[in-house]
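Worksheet for the structure shown next.
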Amino acid sequence: MSFTAPVLSYSLLSPMLILLGGALIGVLVEAFVSKALRPAVQLTLTLGTLLLAVMQLWRIRGQQSLTAAVGTIVFDGPAFLLQASILIIAIISVFLIADTEHFAALPAALPGSEEERQAVQSGNQITEVYPLTLFAVAGMVMFPVANDLITLFVALEMLSLPLYLMAGLSRRRRLASQEAALKYFLLGAFSSAFFLFGAAYLYGYSASITFAGIREAIVGGGGNDVLLLIGIAFLSIGLLFKVGAVPFHSWSPDVYQGAPTPVTAFMAAATKIAAFGAMLRIYYTVFANAQWSWTPVLSGIAIVTMLLGSLVAIAQRDVKRMLAYSSIAHAGFLLSGVIALNKAGLDATIFYLFAYGVATVGAFAVVTLVRDSAGEVTDLNRWKGLGKRSPFAATSFALFLLAFAGIPLTSGFIGKFSIFSAAYESGAKGVVIAGVLSSAIAAFFYIRVIVLMFFTDATEDGTSVEIPSILTQASVVIAAVVTVALGVYPAPLLDFITNLAIFIR
Amino acid sequence: MDASNYLYISALLFTIGAVGVVVRRNAIVVFMCIELMLNAANLSFVTFSRINGDLNGQIMAFFTMVVAACEVVVGLAIIVTIYRSRRSASVDDASLLKR
Amino acid sequence: MNTSQSLVYLIALPLAGAALLLLGGRRTDKWGHLLATALSASSFGVGLYQLSQMLGRSTEARPVSQKLFEWINVGTFNVDAGLLLDQLSICFVLLITGVGTLIHVYSISYMSHDHDRRRFFAFLNLFIAAMLLLVLGDSYLSLYVGWEGVGLASYLLIGFWNQKPAYATASKKAFVMNRVGDMGLSFAIMIAFATMGTVSFAGVAEQVENTSEAALTGMGIMLLIAAAGKSAQFPLQAWLGDAMAGPTPVSALIHAATMVTAGVYLITRSNFVFDAAPTAQLLVVIVGAITLMFGALIGTAKDDIKKALAASTMSQIGYMILAAGLGPVGYAFAIMHLLTHGFFKAGMFLGAGSVMHGMNDEVNMRKYGALRKFMPITFATFGLGYLAILGVPPFAGFYSKDMIIETAFNAGGVKGIILGSVTLLGAGITAFYMTRVMILTFTGTKRWDEDAHPHESPWLMWLPMAVLAIGSVTSGFLLSRGDALVNWLHPLFEHHEEHEHHLLEPIVVSGLALTMVAIGVAIAFVKYSRQEVANIAPENVSVFTKIARQDLMQDRFNEAVFMRPGQALTTTLGATDEAVIDGTVRGVGQLAMSSGSALRGLQNGFVRSYAALILVGAVALIAAIWVVVQ
Amino acid sequence: MKWLTLLMLLPLAGAAVIAVLPKGNEKAAKQSALVTTLVVMTATIAMAVGFQRDNVDLQFVEKYSWIPSFGINYALGVDAIALVLILMSTILAPVVVLAGWNEAHGGRWSVKTFYILILVLETMMIGVFAATDVFLFYVIFEAMLIPVYFLIGGYGSGERSAAAVKFLIYSLVGGLLMLASIIALYVMSGAQGGHTFDINKLSQLQMSSMTQNLLFLGFFIAFAIKAPVWPFHTWLPDAAQSATPGTSVLLLGVLDKVGTFGMIRYCLTLFPEASKTFTPVILILAVISIVYGAFLAISAKDIKRLIAYTSISHFGFITMGIFAMTSQGQSGAILYMFNHGFSTAALFLVAGWMISRRGSSTIADFGGLQRVAPVLAWTFFLAGLSSLALPGLSSFVSEFLVLVGTFTRYPVHAIIATFGIVLAALYILIPVQKALHGPTTPGNENLKDLNLREKLAIAPVIAIIVVLGFYPSPLLKVINPAATHVISQMGFTDPAPTNGGK
């Protein structure tokens, strides 16, 4: 028997390869470069890798291929857009991660132990977070381009496992951080089991692990629908878990709160893009013809997610948890774009993902700025009067909140409008109504925070705002600029998306 | 014999695992239950590959094992750390973050 | 119709005065009053000039008009700011500007000690302007402007001393009750526009025959309400008594001679409506008759000289309204009584003012007495007015009032008899209470407070009184000589040749009237001249007197029927707004809040429960898909 | 010449100038704000001169593609209605700046910020009336909440932040309902020949009466909250009580007009059938507002709340006039919007001066003011008279037109509404008596009278009130064609005289 070497189009895979390469080098750096240099080296390496990946990605924009890696990877317009979004978000997030203040100097050491104290004093900072980030990013960019179940599963784990660890790296409140890691890990693994089980049944239904094969089976019909439905259901659980849709959301508030804020920012923004990217591809291409079975259910989930997210957010006292619930609500909004199942829905969702991702990173970036002697202050009551003490932080945070609330002239409004109109066009009027309603509820607590910051006098205590690094500041500014720009003149991006966002099968 | 019996078994294993995750306290055991679920999935993969006369399912199974192994590494790392700092592997003790 | 460009000056002159004095502020204190008087006088001059012009023209050519500018012009609703001067309005113009000027003169001295005199004169001018606009406007809408304008002026003047809360309240009361009347006027205008498509006098007049009686009746009733509001007729009479809070010249000008007669003007002006709407006309008569008695009865019990006079004003206007309600025959007499009344009542008010002037602003007649010797001129002028109002020949009232009584009797049938006797009775009661006023004030013994040293008023004050007194002697005779006024106004009211069934000969009527008057006077004499008058009102009096003292319960009534329920409604509405409407809104917010906190409970921090939730979710998902598929 | 864009840019330019001014130089900030607003006013008048009043089409039209993929344009243009309102807004702006010269002090933030907010708001006030693209309108409609929100919450008094939040939430909820309707319109337009937000194209859409009713409600409720019409009014008193007088003037005088303006421009144009369907309900709501607002005003203890309640009553009249569907009613309503702007401005500004002098807004705390500060007192009185629609003052013309116009088609409503004029007398004269008359309350003996700046600020307002009372026809000549156009668009004609059924 003869062996034919698989044909790989490296140029299309290059972004992923670059990222993985960078990550591996990062591991080596961690091992061999002297402690003193490490942070700087790792930072440059990571940023370099990401930038390189972006440039590479830009070069291959507009190309299309089903056979990038013998049919396991697909590259097309949406793939480009989603990968680009993920990389950009990643870069901004790395700006935050660069502030080592957030990360345990020696995660292996016991909280409060002597060796930890020494590690902190000697300034020996373990910088494993950088390679972890790169691995995660690699997984994320692979998730939306996977074209068969294996790749999909591998990508899923590849983006998850590093995040589990990163969640546990916080320097302050380490117990909480470790707990976050544990919860995230257990629940993540739990959900991926469902995912895998679903995959198995899809395979059973279609006798194929490639998306193409599954789609043909669905189109052709005649298979055992029970297998198909179980498959769809369980696979969806895995994905819905990642995007934090009700009732698979319960990990996100705890993890968002426990994880180091830069990591929270990164996963809140990037993971959503990756997961929704994958969802879009799967639902728009693979499951499209089984629409009758899943759209109603997904609509229900979307509605519940929006409402619950908005309602519970009202009752939050911790800014990170509040943002977590708002991200749950937004998952609901985004789902309505998936349900739409039309071109407009695809464009809208991609735009929304990018706009929301940027705003989210910005918001968490501001959270990292608000500190006292014991590190970050996330208790909302201690944000009172922030507007007086730091107009910069308060104003930009207010801007991001308004964007979340979907107030005109911010990116959030354009996103909401486009995604709801797409959903309405597909006849999902109920979802739109629920969306509008929950936006009203949501507005309620976004405004509450604005009131806290601007209209209430500071209580006491040394909650101060410090700009630790130029990079953090930069990330806030970039996010703010993008948010406003996309609100005032979104036309270019929208057109760009509209022209590119076409799935190939 | 009818291959679908294997499916029932795998379903059973999956359910046992899932229930186990909910009812057991010890993090390690919980994690083992999850592994059980993964393997249930694997079993169905293999079964289906047999039913469909297609090898991809078995390839998938191998991948799953690898991934599961990675998961073990990460998972144990986390569990051990938390055990060291809490002196307890009970998942119920880790409930600082709530509401 | 010929036009005259000078009509506008009638209004513009006093209006300019008002504006100048109000905007000029204290700078104009020195000469403000003089300017105001001059302007009012010059307006009177213009009036005389117009009269002479008018006399020069043939009957049908007499009315003149002037279009000022396009005012409101929307769709078919076209109203120009236009003035109309005809035989009817000229009478008013002369009365307003004439009496007005006299009262300006009087006030110069009367208000000389008030450091806000300038403002007082500004308001007087404002009133003159508004009143002239009222009688000169050529459409109901422009009349409306004047109508509320005089209301405003009256409000400002009643409340001129509004630092006294009671006075402020009185002015507010007057304005609000007037607004009720104004509402009637606006309804009338709306009806006119909706049914006839026009609101000008001329337009309505020619549309009348194409319009259903129902509509006209409605319009007539609304006009009547308006008239009742302005002219303090039943049931909107309650404000007039309190309006005496204003400085006495105001009472004389606005609340005796001119503004309160605007109602009579409105009804006579709208004769074409009422002639076509018998029901409305009947109501007019009834209102007139009731008010006539109402006022007269109140008058018998008042110890406050001004309030007594006010009551009498009310009753006299009752006469006019009644006459106006008698249709074409009555209009002229209504106007005639209006004019004569303008003279003698204004005169008597000024007299009352002069008395108060001498008695440190004491108004309680029980504290007067024997003032005859101390203020002879006042006594004389007041006396002449007294004779006039009684209707003693040949004084003014004799002509005007007897005409009304006679016409009332001749109204025919039961109606005639009732009305006739009411008017007769009214004459008697009038005689009684006016005599009472005379006796209590000028004769008998001194009942003054210690610090009172009465003296005659300066010439600036008694001169106008004298002039008015002359008027109250002669006006009646002059106006009725050869039916001068009747013929003068004749072309305005179309007479379907009245079937002259004389129920009573004029001479008989006069006889009856005089007898009633004599009786009234006699009773008064017996009651107040024979026995000593207590200088504090005795409490052991008949129920009737008690009621009469309280203005026949009019305020009690309004309070019980309108004020109290109104206040109750207002407070309840306030509460409802807070509790129910805003409450609902807040409730929704609360609901969201609480449900949020409730759901928050799900997040109990135990990873196993989260896993359970996922598991449940998975099962639910399967179930849901199952349901969908089935 | 791109007039409207120019008008919108001028205030922004002014804001930019203020922004770069050195910190703490408050006088300069105030002066530049005043200059800017005056320039804008002049520019607006210059534009208005070029307006052809017999041409019912949109004029000064501008149109640039904004978000082509959604068919959204930056499209401006004015008809008589918009023109009149823009004119009102830009005349009020300098008055507010001059009158509230010291309002910004005692705010949470700098004086500069205050005037920047004011100027940004002015831009949006112009834009919201000039927008002819529904999306653009909505964007401004929502965005203009933000500056107002900060003006109330940052510079107001008392429960300012609570009031600001209440205002914002109310408006946002209304806005979101409208957004749902707009989305529906957009989708339908896509189904019927291309996505668009062009108001004229949208008004051509075919839709089932059910949909039309629902969408109408989406718009109407948003506008009813803005206006505000009973029972959506409870935010207004709180907002007005807390906001600075100047802000209140812009809030009640201009922003609330967006509601009534929207009813004409959007509800009637886009959903003629639904408008007819709902007219009975709306008329009832309007009548309730008239009476209800008046009663609440009578019972009000706080002078700012009182003015707010009177406005609720006045907006009732405007709404009634709009939906009476007669040329008198329509013209009256439009004229009413204009007049109400100024009479409310007068009331609020004078009340503001009284409050700033006395340090309290409770009516009972004043008394005998007429003796102490005559000019102040008489100005307040005059403003009050215009609010109770005294003939000879501008509001009378509009109010009477509305009543007459309504009476010809809906006599009963008109009759009930007319009782409002008696109530008006009460709600104005009661505070007048309490505050201006009677003996001077201890402590008020030496309150200052109006100074020159304040006189200068209020004079033009009073002038407009008086002049338009006697000579409204220039304005009416501009309004009438537009009003008649609206009526005929709706397929109505004025009822002919009935001759009382003879």
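Miscellaneous remarks
Order of writing sets the chain letters: A, B, C and D. Residues in each chain are counted from 1.
Here is the rule we use: a residue touches a chain if its C-beta (ideal position, glycine included) is under 8 Å from a C-beta of that chain, and two chains touch if they have at least 3 such contacts.
As the structure is a prediction and not an experimental result, all values here were calculated from the model.
Interface comparison, A-B versus A-D: the pair with the greater number of contacting C-beta pairs is A-B. At the centre of the protein atoms shown, by the Cα-centroid criterion, sits D. The centroid of the Cα atoms in chain A and the matching centroid in chain B are 25 Å apart. Chain geometry summary: the mean Cα position of chain A and that of chain D are 45 Å apart.
Averaging Cα coordinates per chain places chain B and chain D 66 Å apart. Mean C-alpha position of chain C lies 37 Å from that of chain D. For chain B, the set of residues touching two or more other chains reads 18, 21, 30, 91, 94-99.
The residues of chain D that reach two or more other chains are 169, listed in rising order.
In chain C, 589, 600, 603, 605, 607, 611, 618 are the positions where the chain touches two or more neighbouring chains simultaneously.
Applying the touch definition to all chain combinations yields A-B, A-C, A-D, B-C, C-D. Residues 589, 592-593, 595-597, 599-600, 602-603, 605, 607, 609-611, 613-614, 616-618, 620-622, 624-626, 628-629 of chain C touch chain A in their complex. Considering their complex, residues 18-19, 21-23, 25, 30, 91-92, 94-99 of chain B touch chain C.
Listed in rising order, the residues of chain A touching chain C in the complex are 182-183, 186-187, 190-191, 194, 225, 229-230, 232-234, 236-237, 241, 246-248, 250-251, 253-254, 292-294, 296-297, 300, 308, 311-316, 441, 444.
Those residues of chain A lying in contact with chain B across their complex are 107-108, 110-111, 149-150, 153-154, 157, 161, 164-165, 168, 174-176, 178-183, 185-186, 189-190, 192-194, 196-197, 199-201, 203-204, 207-209, 253-254, 257-258, 321. Looking at the complex, you find that chain A touches chain D at residues 347, 387-388, 402, 405, 407-409, 413-414, 417-418, 420-421, 424-425, 432-433, 436-437, 439-440, 443-444, 447-448, 451, 454-456, 489-491, 494-495, 498.
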